[in-house]
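Right, I'll just put the structure down here and ask away after.
Which chain is which? They are A, B, C and D, in the order written, and residues in each are numbered from 1.
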Amino acid sequence: MKAAYIIVIVILIAVAGGVSVALIAQSAEQPIPFNHKLHIEEAGMECTDCHLYAVDGVRATIPNLDICGECHAEPLTESAHEARVAEYVREGVPIPWRKVYWVPEHVYFSHRRHTAVAEIACETCHGIVGERSDPLTRPLVRLDMDACMKCHKETGASNDCVACHM
Amino acid sequence: MARWGMVIDLDRCTACGACVAACHQENNLAAVGPEEATRHSRAFHWLRLLPEASGAHADVRMRYFPQPCFHCDNPPCVRVCPVGATYLGEEGIVGQIYPRCIGCRYCMAACPFNAKVFNWYDPEWPGDLERKANPDVSLRPKGVVEKCTFCHHRINRAREEARAKGRKLRDGDITPACAESCPARAIEFGDLEDPRSRVSALAHSSRAFRLHDDLGTKPKVYYLTERSEHGEDSRQRGA
Amino acid sequence: MLLRRREFMKMLGVTAATAGLGACGRNWLVSDRMVQLALRGPGLEREVQTVCGLCEGGCGLTVKLVDDIPVGIKGNPRHPLNRGGICPVGQAGLEVLYAPERLRGPMRRDDGGTLRPAPWEEVLEQIAARLSEVHSGGEPQRFAMLIDAPGRLFYELAERFTQVLGSGSIANPFEAETLPYMLTQGTETVPGFDLAHADLVLSFGLDLFEDGHAPIHAIAATVGTRTTEERVLLLHASSRRSPTASKAAQHVNIRPGTHGALALGMAHVLVREGRYDRRFVAEHTLGFDEWTDDAGQQRLGFRRLLLENYYPDRVAQICGCEPSHVIGFARRFADASAPVAMAGGEAVWGANATWNVIAIHALNALVGAFDRAGGVLLPPPIPFTPLEPVPRTGREELPSVFTSDAAVFASDPIEALAGDGSTTPPVDVLFIVNTNPVYASPAGARLRAALERIPTVVAFAPFADETASVADFILPTNVFLESWHESTTPPSVSVQVLGLAPPVVEPLFDTRHAGDVLLDLAARIGEPAASTLPWRDYPDYLKHRVQGLEKAGQGTVISGSFEESWVRFLEERGWWFLANSGFDKFWEDLVRQAGWWNPAGPRGDVSQLFGTESGRYEFYSRALEKRLVELGTRRGRGQAPLQGAITELGLAASADEVCLPHYEPPAETGAGELSLQLFRPMTARGPLGCVSPMVLEMFGYYTFSGWETWVELSEETAHELDFHDGDHVALESERGSIECVVRIHPGAQPGVAHVPLGLGHRALNEICTGIGSNPTDVVVPARDPLAGTPSLTSTRVQAHLVRRREHGGPPPMHGGH
Amino acid sequence: MKSDSSASPVAHGSAADEFQDTDLLRSIEEAGIRFRVTATLVFLVILGGWVLFRRQILHGLGVTGLNQPVAWGFYIVNFVFFIGISHAGTLISAILRLSQAEWRRPITRMAEVITVIVLAIGGFHPVLDLGRPERMMNIFTVGRLQSPLLWDVTSISAYFMASTVYLFIPMIPDIALLRDRGVRPRWLYAFLAWGWQGTPRQHQVLEKAISIMMILVIPIAVSVHTVISYIFAMTLQPGWHSTIFGPYFVVGAIFSGIAALLVVMIVLRRIFRLDRYLKDVHFDPLAKLLLLMSLLWFYFTFSEYLTAFFGQEPSELRVFFHKFSGPYAPHYWGMVACNFLIPVLILSFRRSRRIPGILIASIAVVIGMWLERLNIVVPSLANPRLPYPTGFYIPSLVEWGMFAGGIGTFILGFVVFGRFFPLISIWEIQEGREKAIKETLERTQSYLPSVSASSS
């Protein structure tokens, strides 16, 4: 009799383990270790300097080549990684950044509505990226439905399903 | 809050089908193909043109109703949905939440107006037709029920514009795809609760009637009958 | 704020639970294609104005682009023609742009006879060589061109090309019917019908809201831009109970082809009850009362012809309707303040089309509906920069290949090429530009055989359609969204409008606009083409021609929602909109708004509308009399040339009547028991509509049918032939047979089978090939004796069952209970 | 065919020593080749069903015959059909036990087994019907109790729980018997026997449990089928939205339940040669009950369609004539024949109320009741209220495959159950032999005063 119980427990543990491994593997490897902290504090930049459309676009977008190219056409420091950026810029090949913050395909999230209209700071949803010097491999703040709805309830924004599920 | 509704003037509508096509393109519907459409009758639109005949042989008259979802205030489909995938929103929109719908199709059986449709197979667009998809409207996978949404992505967009400009929503800010494409300007859309809006004016006109309003579902799409001098008023002929 | 431990554990727990229960909640069935679609750029939106190139209607469109990818097409609310309205085919513009199997580059037929892709350079060099060979070979008339161009500018460029390299043999196989207006009004083009101000429209055979040259303009003008109370009153006479017929205030179901008789019956009532415009008839018409010709003979007047022959009972017997209908229509027509009578659709597709239209247009003359708001107007041609004449060196006397004496006035270009299938075609090099005659013309099969015998056939088309697949060279053209394109005032529209638009997107494949190719060929051939076609490319040519428009200073670029009456009001008071700063600003405005228009209202002087010798509306057509006498003498009937010509052409009229509006019975060919009548639903507009899956799926949208050609039968006919709704039947004539699905329509006429045009392609792209059937395959064309155009509605067919409806109850056309 | 000459009618003595109900264990002890062959054959049918279901998951519901107006078809029809048969079990065995009808003893377990298996199959059918089966758990995580489908889920799971318990409790003594006889796999019987020693205390508790379950199961069973009818009745569709649906479905369920029970009894009697236990005396009352239910069913059907026709509402009439003279006429008249004509003709005459006759009538009723569900679901969907074209429905291979899979699961369930547990309840038969005769004697004496007064 005990054997049966044991088998069931073992199965459960295996499944849980497998899932957590899968979750960790989900974390993305960035092609170039980008240091947010360096850019914000030393270079004194703002989020919207690189993520141009964070305020007036639907998607904030990851900066493309010519934004990086503005400063990094030639290497500013000696770090090897930064040299690779200049190399990318010279070849004109877009840097294959990995997108870390996802909104599921069936959700319509517009940055402008949150940043421009509701004046929400970037950190609320993206976590304090400014202080991270190592590259982002996993979302700092888990963006799930409960989080969004909780915030919507607090700020009085509509929790009508069709507001986000278009 | 608002109570979105629509008025379709049958006296103006010329059955040209522009609304059917506009809805099809705006909401990324996909054609199901000849085999599925003719042999299995699975072709579907969110807005259909209903032919209704009245009168006998020689002087039969066809009347064409553009029929979107009526977004009833007392919707039979919402009552029966086991998971709350279809629900009556705060502003009167009967929403259909695709990620929650389990595809049991009970709402299709319950809707007296057949306003709900279903993707029997995964929708495909031959060649690279996908690239034309409207990014504002999500693509629905197979197995979920879908319906006319009164183009609520346009409602949200108009609200966003209005809020960005710091003003309230005005009548006429929002035109669904069907109303926008209609050459005869037969479709009006607006807030039924706002007494100054065109829609509520028309909805209270003497010519206004609703299809099967005896069922108590309180539909929010009003039709205006054809005016007699433009042809026998079919309402008197016992539609 | 690292991922908090509690959150991590909770997430782990939830995931374990769901994993354990079979990954519920996660959408693992959503294919990645959908996820990847959502990952576009920032989602920046902009809107661009353009003009629809999918049919001749010339509607103004607004294309919504997100990150430079077109995602939506809607009507341009400011465009004067459609005022924001758009038809289903227009909406499918993006489905045509991204349609599968679009030609990706030029194709050339190798000696093995198969079409192989080839580079542009090589192909153009070879074509240029062939052209200069023909040009210098002393027989320039061996080069001809068939073209269907929605815009005058492109047509004039092509015409210039054929004049300089050939003998001007250029023809539009599907030209609008201009002969009746030329005979009565003396105009070269179809006059404009001012639908925006008419309060009653009497349409014969023309489903105003579905068919015709610009249906969306018709809807917008008669209904869209007006309040419900002012909406137009539509009287409709046709043999089919179409949606427009059901929309009309009154619809009379008449026998096919008898539209002319009904018009004359109404004219009889107008004249007998004296409800016609006496002043207009007296001052501006000819041949109404008895008159003596220059030979001193007393000639029959139109009045007496009407009173003697077309009394309501006889007309009702001809048309198969009630005399009260004829009288009622006439009185309602006369009582209206701004009535206008129009002909189209099945009335102009018969062998007696010209006679029908002459009789119908006579009604407009009787109520004096010329040169007044809501009546018949003649919009002057758009003042483009005129082109200097082509330097003709000894080519004047060479006739165009397409003129032949088969018919009295003109002849069918396809018939001239196709011949009787065995003769060697009169052409060595043939250009076929943006038209598909092998599919669309009843003589398509013979034409196809002829094309195979023509040494060089160059087809300009975006798809490898039926005509292109027979050609030696296929030069892929752009879909209208990919190139500069223009469209001028569609026939029967009273507003002068020019639609001119730059490309909305970069061409998807290696395709070019036909205009660019012609200019490129001219440059390659060198003199004399290079000098007469000096423009660098098509936009350059357009710019050159539009300069004249800016100098003329009339009309305005489409901007803001100026009501046309306001524009005219200002113009009458000397305000000229275009006195703005120079051509470049004008050009930039024109291109941004993709259109110019001039609300050409009444000219104030009626006689300007009549180009006849007498300067009047000729009930008795002198031009027709002159040409018939010529034909009579040429055919050796010297002593009574008129009567000789009548017997020669097999007309039913007597010598007195022939030049007056009279009724000619419709010709009937074949021996079947059903009269085959064709119609064009809204979803069959333009040649490219059917590459879009949406258009095909909603092809019969008002009968819940799609992807199939149907035949509308009346209940009695279906009962006689034992057909049920939904059965598949074959309609046969001596030329072949087509398969259709039976739709029992409660209002259909017994003994008449109505079949929609638009489907039945054998080659276009994989989506529409083999879908439905093409009714022109079974049409046995009788010929219109005057205009020479083949008739589409003169065939009698035999119907027999192919297979029963496979399943369940019939989809009742009239919608059940 | 009287065949009980061999065993003396009255046997006494404790169950353990002279145990003569050996043939009841035949299905367990001699479960040789025939069991394996039938099991594998039926398993293949079910496997075919799963392969088709996998195809449906990958391609979508398009592989079925469902289409735009007719959104429900075979799966819902079979769902109602299988749950209908489930009323064979608990309801009938509970009523027979309640009325202490002695002839119930060999029947009750078979009935309860039918219920449990068919409930499992029927309960799974709505999952087959889902467009997104992987979101099935949404019903529990975000379920809305206001939806008739949720009432349905709750009532069916309650009924399944109740009828499993109601099946298991009376089996405990038999399992203990098997445990004592050392039938392989011993651990199964040891575990399931739950430590039964047959002490009077345990008997008393067992009797009490059975009587509680008896009372409990009847209302649940009635509620299950009323709630299934509410799925249709709660909508506004013509032909569905009528008050008679609740009782109509319950009557239909009992009707098809009895028919299914009779079929199973006859088949098992034939296979396991149980004619010593299932005599005519068992079949005759059930057959009469079937006849009664056929008349009752006809009464309900007649009144439903008369009200629809007499009311002359256009949408109702459209559905009505769709069944009477339209494309569903063969199904409709087939149903009336199978449910009313055949059973009444066969069962109302003693001569034809024999086992073969009963078999024919029962099979006709099972088919008739399946047709009845089809006649209810599809025509109402095929005739929309608005002037849409009339719909049609042609089941596809996948749907037929799933139906065969369902029936296969039913047969497999029985075969496997028969392999491990006795199909007739042994201890009740023995208890019948020992106590039942005395009890019935006392009971009849208690209410027949003249017999007790003469005291002879």
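Note that in this section a contact is a pair of C-beta atoms (placed from the backbone, for glycine too) under 8 Å apart; a residue touches a chain by one contact, two chains touch by 3 or more.
As the structure is a prediction and not an experimental result, all values here were calculated from the model.
Trainee: Which chains are in contact with both chain C and chain D?
Mentor: Both-contact set = B.
Trainee: Which chain has its Cα centroid closest to the overall Cα centroid?
Mentor: Of all chains shown, the one whose C-alpha centre lies nearest the global C-alpha mean is B.
Trainee: Which chain has its C-alpha centroid at the greatest distance from the C-alpha centroid of chain C?
Mentor: Most remote chain from chain C, centroid-wise, comes out as D.
Trainee: Round to the nearest whole Å and give the separation of the Cα centres of chain A and chain C.
Mentor: 55
Trainee: Determine the centre-to-centre distance between chain A and chain B, using the mean Cα coordinates as centres, and give it in whole Å.
Mentor: That pair's centroid distance is 38 Å.
Trainee: Taking each chain's centre as the mean position of its Cα atoms, how many Å separate chain B from chain D?
Mentor: That gives a centre separation of 45 Å.
Trainee: Could you tell me which residues belong to chain C and also touch two or more other chains?
Mentor: Where chain C meets two or more other chains at a single residue, that happens at 27, 29-30, 34, 37-38, 40, 43, 704, 807, 811, 814-815.
Trainee: List, in ascending order, every residue of chain D touching at least 2 other chains.
Mentor: Those would be 132, 135-136, 138, 387-389, 391-392.
Trainee: Of all residues in chain B, which are in touch with two or more distinct other chains?
Mentor: Residues 41, 43, 48, 50-53, 99, 122, 135, 138-139, 142-143 of chain B touch two or more partner chains.
Trainee: Using the touch definition from the top, list the residues of chain C that touch chain B in their complex.
Mentor: Within the complex, chain C contacts chain B at residues 27, 29-31, 33-34, 37-38, 40, 43, 66, 69-75, 82-88, 91-92, 94-95, 97-101, 209-210, 215-216, 219-220, 223-225, 228, 231, 233, 241, 243-244, 246-250, 253, 682-683, 693-698, 701-708, 715, 746-747, 766-767, 771, 806-807, 811, 813-815.
Trainee: Could you pull out which chain A residues touch chain C in their complex?
Mentor: 12, 15-16, 18-20, 23, 52-53, 57-61, 99, 104-106, 110, 127-128, 138, 140-142
Trainee: Give every residue of chain A touching chain B within the complex, in rising order.
Mentor: Within the complex, chain A contacts chain B at residues 58, 104-106, 108, 110, 112-113, 116-117, 158, 160-163, 165-166.
Trainee: Mind pulling up the chain B residues that touch chain C in the complex?
Mentor: For chain B paired with chain C, touching residues are 9, 11-12, 14-18, 20-22, 24-26, 29-34, 37-39, 41, 43, 45, 48-53, 57-58, 60-64, 99, 122, 125-135, 138-139, 141-143, 177, 180-186, 224, 227, 229-231.
Trainee: Using the touch definition up top, name the residues of chain B that touch chain D in the complex.
Mentor: For chain B paired with chain D, touching residues are 36, 40-44, 48, 50-53, 67, 76, 79-85, 100-106, 108-110, 112-114, 117-122, 142-145, 211-212, 215, 217.
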